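Naming follows writing order (A, B, C and D), and every chain is counted from residue 1.
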Amino acid sequence: MNSFGVIFRVSVFGESHGPAIGVVIDGCPPGLPLATDDFIPDLTRRQSGSKGTTKRQEADIPEILSGVHEGFTNGAPVTVITRNRDRISSDYEGFKDIPRPGHADFTSKMKYSGFADMRGSGHFSGRITWGLVAAGVIAKMIAGKSEINASLISAGGSTDIEKALDEAIAKNDSIGGIIECVVKDPPVALGEPFFYSFESALSHLVFSIPAIKGIEFGSGFDAASMKGSEHNDPFIDGKGKTATNKAGGLNGGITNGNDIIFRVAVKPTSSIGVEQNTFNFTEGKMDILKVTGRHDTCIALRMPVIVEAVTAIAMADLILIDRGINTKRN
Amino acid sequence: MNSFGVIFRVSVFGESHGPAIGVVIDGCPPGLPLATDDFIPDLTRRQSGSKGTTKRQEADIPEILSGVHEGFTNGAPVTVITRNRDRISSDYEGFKDIPRPGHADFTSKMKYSGFADMRGSGHFSGRITWGLVAAGVIAKMIAGKSEINASLISAGGSTDIEKALDEAIAKNDSIGGIIECVVKDPPVALGEPFFYSFESALSHLVFSIPAIKGIEFGSGFDAASMKGSEHNDPFIDGKGKTATNKAGGLNGGITNGNDIIFRVAVKPTSSIGVEQNTFNFTEGKMDILKVTGRHDTCIALRMPVIVEAVTAIAMADLILIDRGINTKRN
Amino acid sequence: MNSFGVIFRVSVFGESHGPAIGVVIDGCPPGLPLATDDFIPDLTRRQSGSKGTTKRQEADIPEILSGVHEGFTNGAPVTVITRNRDRISSDYEGFKDIPRPGHADFTSKMKYSGFADMRGSGHFSGRITWGLVAAGVIAKMIAGKSEINASLISAGGSTDIEKALDEAIAKNDSIGGIIECVVKDPPVALGEPFFYSFESALSHLVFSIPAIKGIEFGSGFDAASMKGSEHNDPFIDGKGKTATNKAGGLNGGITNGNDIIFRVAVKPTSSIGVEQNTFNFTEGKMDILKVTGRHDTCIALRMPVIVEAVTAIAMADLILIDRGINTKRN
Amino acid sequence: MNSFGVIFRVSVFGESHGPAIGVVIDGCPPGLPLATDDFIPDLTRRQSGSKGTTKRQEADIPEILSGVHEGFTNGAPVTVITRNRDRISSDYEGFKDIPRPGHADFTSKMKYSGFADMRGSGHFSGRITWGLVAAGVIAKMIAGKSEINASLISAGGSTDIEKALDEAIAKNDSIGGIIECVVKDPPVALGEPFFYSFESALSHLVFSIPAIKGIEFGSGFDAASMKGSEHNDPFIDGKGKTATNKAGGLNGGITNGNDIIFRVAVKPTSSIGVEQNTFNFTEGKMDILKVTGRHDTCIALRMPVIVEAVTAIAMADLILIDRGINTKRN
């Protein structure tokens, strides 16, 4: 189930310490201008290296294997890969015995009956999101003029993100964060009832990103405390513009043309330098785990560009479906 | 896009004031005992009539059209319908001119170029969730011994739900609510990385239910304020039991065998008796809207059984997929 | 797996002797004029009653349950059903013991571990094609101006179909036949490489129809005996018109604008009045079977309209996909 | 639409003269022993070089990019690629002006509005079947003990294949052929009614292979000339063994346990050295085309292993689906 999309279909593959990771993007309209360089800005934003992110440094140079001819998409699937280079697999040996709390070590071992590649979390690694960002670059071209912007609005419960990071680093601990994403001036009428509402498509993709614990659209969880008279967004013109935007640009699962707004909650990285008292599955007793590999203090720092990418991917698929079916409007 | 599922596939159809609504459930294992009566308890829980719910009263007797033979599912698709009877379509005439704020009136009209059936919100009606509940009855049989329980834990921001309802009714207003769902003792290893994580499958379904604005798993949005050392759930035995359950039973998108816990935020019903100042699209100017039809004060009251149903549907599909692929374990 | 299609999705349900059979058609563009009467001509063509067809007489009046409002498709799924009325289930009791040779009795029993509804072949009945024909009526509207015509070109190996029928009826035997289908002036560029070529989509649908044993496009099996210099169709104008049409209008899995031509082989009905020496599974020994129910002498007689329907369904889906992706051309 | 399969999903990518071609295989059970060498025998069978095949010589060494860890599939998608090396793109320059009769030159240009990579037929090349063969290697492991054997049974209308080849080579012409495939001792009960019958799944895949013009199962087109009393296969034991096998091992779209038998018709290669009188689209008038590139005299020679591969792919998907749903039997 490593593919998503009805027409614009994204398939990711690869393991953190395998030969390569990559993505196949099918259903690309032909004629989009595309070159390796187009992937660099977003892939660079995703990269680690700044304060609070892992010291693993991948050059992450994308290689286009298919789907592009003389500078344009050619209608065939676009495949982009990057080689894994900076691998220290020995860091991960012990996690078969003592699976890291909060991590996929235990579930991936169970799921694949012991055959999963657990080095660097294998296929469960955040590294697999590289392919999402690459696909997002193409999806943004299809999403067209709509500007998609995601940013980290808090970390460790604080809007002073720098300070929260310093504290967590000092303690060898990690922190979570909240990312907000806004799509300016989206097309009206994106989203397919009943089961492929805008929120369904987007949340499906968002919860494929490791470490996400929640998503809310517009007023989100606050809506549960509100009255209808407070929450409703009155229309103020014939194009559907509303005075307020509690709905986050979505009514009945369909974009109403106002800005799309949503937030996602990112948990703190589960790999931490702090000692943890947990079960040793090989020895059959409680044990002390101290994780020593290279990890992000706050994985949320690297996520805005990934959230933008999945937003663009959802929009691209919904745009192409809508074009296909609703011929009277398109 | 009115179908969901890879193997256990649910397709809903119908409009609120059309001849009938229903559901086709494909991929049902043969040999499940099934009769009309099996649908009644959950469909009754979904029904309106109690304080805070709409006065529209549908008998909602299910009729099985296919897929059951001599009391057992027969391997062919199960189709269940119910006729729409208690229809007062005149209530909805004006909404073409003055689309209700917060409602799908505007987007459904745009989406379908004016051809949507807008009576009772047509295909966008909460009434379409009837089919989800019917499918959930079968899905619960496949989900087997896992007990799935959802309940309304707050309404209008208060845990005194009765009082919040009384206040809203008195003001002709509506209120939102929060529903919590717990799956006791779920199977380990459900969920398919990368794109069909447990959370992806479930949130996809949840956001098909009208009026949902957010979902969070385990610690959810609180995780964003926590440290890794607080958030991680240490293992305490060789079966994967954890001391705490911040993860809500899910690591890496896969069930770890601990209880699955999630919450959804339901917005206040957008149809309210309070006067609203909004745009009249026919006359091209601001106008006063006062909705007089029959509506729920708190739609969240009727949602626990729907949330249970979609949880069971997601689990059923993930169980059948896992059985298919992971032959070493199953 | 009772659904087919990427955007234009057809789901069939029902058993021959169950309460009803029907079809859900999702992905219908809104605004198509549609009423019950529109289904009658094609459904009537499919009906039995003429020489060589079963004496089972279903009124087969279609009822539209959803998706149509004020005479037009409304963007929601269209559901059409018909009740099963003329059922003589006792005819089929013995087939659990002595499965009919050439029939699905044995495989359906195995497939569904004894839970299949075997009356009238249940979900394996040719009667389920009723839903295909209904879906085809809508699909033909989307396929637009292309005229789709299928006809029986031979039966029992002879082009004198009347005579072949008389002979078979006299002997209580059955005969097969060949149906040829031609699509006049199809749109250019339908078909999606690599896996959803025009031929792939169409043959997938064709082999869902019971009793089909083969399909060939253009020159078909004769192509295997030809030289490239004989088989190639030279172009004769700038629109892609070709001097000959060995390709049957298809190059590389994509329509080239010339007429689409294909033929399907239909086997003789397996239920025959002739005595057959076959195995009695209950008694564990060879036995004599003489089928007495009502059956078609030549099921191929009723198939042209079904073949047209699946052709239209394949075209409708390919048209909507192509519109979605290939925005430069559409 | 470059993916196929419900659980066992195969995605192909690449163009004949692009950087690489490859395949992603998702839904692989974990724990299958797999190494690069396992792909060599079947990939070698597919290779050109022998009499009647193109002189283009690709080393075609497969590289596994993902999904294999310590010699076993690890549950994540398996990706296999090979680099394109022996490219002479200048051979193809002229085909934009004078599209080859019988070839995808015209349709690919139309389909992708001039953006298709037409060198070596780009994504429409038979070379893309390399990925099918690679996927087939894994699929055969899942299909298990069933032996799948395909062979060329005639070429140019003759069973003396050697002689037919010599004649065609002497004339710079090409010839078609017929391939027969037999699956010995297949599992009973594979195939999912209504739309994913064994024949539907297989024909869908077969018609993705370039140059296929027809497929027939068991008696195939001969069935159309037969009587039911001749065509029916009487059962002779309690396991479903039949005295004859006109059905080709398939009743009601489901395997009955007898050998599966089918044949496919392959057209003569459309690229031929013989002069052809066809349209020059640039100059707008009839012209002479003489194709000089390297091509197969009889492409059918290289197809048996491809036909085996798609048979295994269809079986693998149907096996995993059946395991998932039919828990009483599996």
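In this section, contacts are C-beta pairs under 8 Å (C-beta built on N, C-alpha and C of every residue); 3 or more make two chains touch, one makes a residue touch a chain.
Just so you know, these numbers come straight off a predicted model, no measurement behind them.
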item	value
Neighbouring chains common to subunit C and subunit D, by label	A, B
A-D against A-C, pair bridged by the larger set of C-beta contacts	A-D
Intercentroid distance (Cα basis), subunit D paired with subunit A, Å	36
Subunit A and subunit C, separation of their C-alpha mean positions in angstrom	44
Residues within subunit D bordering two or more other chains	1-3, 6, 12, 27, 30-31, 75-76, 108, 111-113, 123, 193, 321, 326, 328
Subunit A-touching residues of subunit C, taken from the complex the two chains share	6-7, 27-31, 75-76, 193, 320-328, 330
Of all residues in subunit D, those that touch subunit A in their complex	1-3, 9, 11-15, 18-22, 24, 26-27, 30-31, 63-67, 69, 72-77, 79, 81, 108, 111-113, 115-117, 122-123
Subunit B partner contacts - residues on subunit A that touch it in the complex	1-4, 6, 12, 99-108, 110-113, 121, 123-124, 128, 154-157, 168, 171, 173-178, 188-189, 191-197, 199-201, 203-208, 210, 212-238, 240, 242, 246-248, 251-256, 265-272, 274, 276-279, 281, 284, 286, 300, 321, 326, 328-329
